[in-house]
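Each of the next two complexes has chain A plus one other chain: chain B in the first, chain C in the second.
After this line comes the complex of A and B, so read on.
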């Protein structure tokens, strides 16, 4: 009788396959999306909604406020959003112009903002986005004072959750004529952006940099500082000391168009502890909600949004989820008024993926026309249909958020609080700083840990 | 408070804050001249100007002097801190004294001139602008510079031209070391003409353009070198 094959726990099939791949190509794996490993997340929390101890709002009738104001205080024109859900920075280059336009239209339809990315601002994006945040990245690709003056906010990007400490990456197949011209790069070059800003090196310099941006915008718009979640308590305090109006903390589940797999899976901390630590840092400085906190990295549902807000965020940003809403990882294209959706499963298979597992943004061969610069592939994304999907998704998230908030007795989603939550695992309880369900135990509380 | 003296608008940094000064500069009509007195190392002077005016800064300026500028002419009769002419699009920033780090960083166009020495990272991330330094520069000059020209009348520190793209560096003196992917190329007649024109425009008369060392990218970092049918 044959023996049952015995897989190795240390070398399971996926690890063996990865070693084979590395030994074939002599090169680290590069891919898109965020961390695929399981980490403690908002799924490990649950709400203690109303009963006798709390009084709920009528879920189907009573009004609830979702207005979110970013940068009030210093900026002449703070960014006022109708919902606390924004679209994260993703570049034209990584994304097709059609995808950027669709995101802008959807964000505008629900009264929220979208964000540029590495490579600058396109006229289509500015036109489509009623509220547009302009990123100032280490590369400064396409960064111009003219675009700065038409931005609704400026985001200085120190890092992002998928690759804190690393620069951006855009492989040659996506550096086409227009992208290359915007970034002042040779066409087809494997672009690897700087990880350090060219003009400042630490928080003291950053303060002067932020002042420079305020001068160039005449103090009109708020200045955000975005960072990948690593040493969150210290980094948030330094960002505040540098003069940030809004701090954006991106957890390790945050996505990217392309970077090393080893970066995506092995750097940073999950969004769950990051939001708690960031809020605590702001409370320590007595500026919580005066300096606003945006959290991103793996936000997928209205429940995630509600939990992030309860733990102290003022708003969240979504990137990968917005792309999925556009049609990322669907088996069919959007179709348009002239032609029905087309099944593109074979194109996923050609990339070594399937609809639902694809992370091949870096190749530029996106089967549904989102992360590509190929005109034929880009044509597979109908801007109108794709933007309607994202609009629907943003409205759905908001409905889920307000449903939970009403059930917690809140007339403003920003009144959600840590006391509305308990954790389902010991790890999540420690990371979120809320009690383990059914107990009053908060692991690590009072231990003086950052 | 601005006052007009023989057609020159005079701004006093000892009296006005930076926002007031910059707003006054932006309000100037095209072709106007202004003078900022008592600069005393003030940061962010003449930032974000986007019309043709001439601004003279009396004394030393701090960081980001003349940064994010378009079409303006900014002149400093002293020294400056970091990032003079940073992200310049057009126009010029001229420093009579020395300059700190990251002079001309990410400049897309225009001209940044330093008559003294400049610090580390001079012309870092350059995107088409021109930077001319009469004296020497520190380490990491022209780091990741994408387009444009850096002319150094003195010596260059370690790591010159690291990860260059299509920018060109000319050095009159010694180069301590080249950075990754930088290489020395032979001067062509066109190079000499470019260097002569730049030196003339900067007002340098001590550079022999025919004996410059030209540094460019070896372009070995343009593509990953272990590709197998797009499997990376």
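After this line comes the complex of A and C, so read on.
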């Protein structure tokens, strides 16, 4: 009798396929999105909502505050948001101008901010975004004093969760005429941005850079420092020492427009322990009321937002989730007033993906017009309809967040605290520093772990 | 889950009756809090009495009905998230002579407690009300008056509460923004009485002529002895 074929746990089909591909092309795989493997996450936590010892707030009668103030410690004009959910930095170049504009309009409609990316600020996104955070990246592509002065906050990017220690990447097929002009690069040539800033390395020099940016903006707007989550306690303390008004910590689930798969899957720590470590670091320094914490990396739902806030974040940033709200990984385009939505499943298949599994932002062939510079593809995204979707999504996240916070008896979402949470797995309990459900056991507590 | 009771005497001639008038109000709060009872009694200085067990035991043990004074605030406790111990009993004292009793529960006390602990404040219990009391003490130490200090509590403490506070010269009350936890005040001739439920006040002499009302949410009321 023939034996049942026996797959290898060490070499499952996907690994075998990857080795075949590497052996065919001779270089690493590049792709978009964030980590695809399972890591301990906010899903492994649950809230201890009110019952008899505590009382919930009424959903429709009792107000709950979601106002979020970023950079109140030092800046003349702190960033005041109506909701604690912001849109993360994504570049024009990686995203189409239409996608950037749609994100800006949606964020403005709900009173929150968007963020530029590598390659500078477009007039459309400045116009569409009532509150715009201007990134200062290692490449400095398109970074100008004029744009700096019209920013509502400045974000010095040390790294990002998808590739801490790595630089930006924009493959040649996305370096169209306008993108090339903004970055003063030749058209159609792969762009690999620097991994380090040209004028500073380490916190001693970063301090000078931050002083410089503060001077250039006349002390008006807050200066953020964004980092990928690796040695979080030390990095957060050093960012504060260098003068950050807001620290942004991006966990390993954080997405990207393009980078090496090996980076995406094998660097950094999950957002779950990162938020706890960052919040503890700010508390250790006794600056947690003056320096705000934004966390990002795999935030998808109002529950994720609520759990991040409970563990000590002041706000969260969303990137991939905002793209999904725009229509990423949908089988159809948005359609517009003249034409109905069009099924583009075949275009996903041509990329080697399906609607629901696509991570092909790096190709510039986005079937729904989000991560492309091709005018025909970009036309598939109707700015009005796409921005309405993101607005709906942001409002839904906020309603989910306030539902949970009210049930925990909070009249302000920022009053959520770690004691409102328990963990469903030993791993999550240790990483989040909250007890395993039904016990008072916090694995590793008191062990002096960073 | 608790009961609160308070009596401030504004007519010096009635001061010898403080204990006799307060004891029945206090005891009437027993069903709301049978676990433990406590009292701060103001006259020549302040005395704090706390013990595990019902209010009737405490009032008998200290012969409250025979005691005079200017003001007393009392509490009957049904423990929620912290242990039934003498340390967990109210009133909590902010500084030497500011007493606080609380009915309700704070939903962010762990955070405020962490903040206070980081500044060197130490705690006698794991009770949420003690956190509020320490916060109040901090405000008073910084120079705030009683009304101002009490009025600033909602800026930091979230949740549901009726707070009754006394000093050697004043008594004050504050209810949460939703007015969720109860309180009834009666301003009589020569006295002001407070309880969680009206029936506790119904036997006071002259109650029919008193001005009886429920304090509005977030309104600080203060009375002087």
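The rule we apply is simple: the second predicted complex is superposed on the first by the 449 of 450 C-alpha atoms of A that agree within 3 Å, B and C clash if a C-alpha of one lies under 4 Å from a C-alpha of the other, contacts with A are read in each partner's own complex, and residues count from 1 in each chain.
What we mean here is this: a contact is a pair of C-beta atoms (placed from the backbone, for glycine too) under 8 Å apart; a residue touches a chain by one contact, two chains touch by 3 or more.
These numbers come from a predicted model, not from an experiment.
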| item | value |
| --- | --- |
| Chain B versus chain C as contact partner of A:172, first or second or both or neither | first |
| Touched partner set for A:18, first chain B, second chain C, both or neither | neither |
| Chain B versus chain C as contact partner of A:127, first or second or both or neither | neither |
| Touched partner set for A:67, first chain B, second chain C, both or neither | neither |
| Touched chain A residues, chain B compared with chain C | B |
| Which of chain B and chain C A:396 touches, first, second, both or neither | neither |
| Chain B versus chain C as contact partner of A:415, first or second or both or neither | second |
| Common ground on chain A, meaning residues reached by chain C in one complex and by chain B in the other | none |
| Of all residues in chain C, those that touch chain A in their complex | 1, 80-81, 105, 107-108, 110-111, 114, 118, 158-160, 177-178, 180 |
| Chain A contact footprint on chain B (complex, rising order) | 18-19, 22-23, 26, 43-44, 47-48, 50, 62-64, 67-70, 82-83, 86-87, 89, 102, 105-106, 108, 121, 124-125, 127-128, 143-144, 146-147, 165-166, 221-224, 226-228, 230-232 |
| In the complex with chain C, residue positions of chain A that touch it | 50, 52-55, 57-58, 62, 283, 286, 408-412, 415, 417-419 |
| Complex contact set, residues of chain A against chain B | 21, 24-27, 29-30, 139-140, 143-146, 148-149, 171-173, 183-186, 189-190, 192, 194, 198-200, 205, 208-209, 211-212, 214-219, 363 |
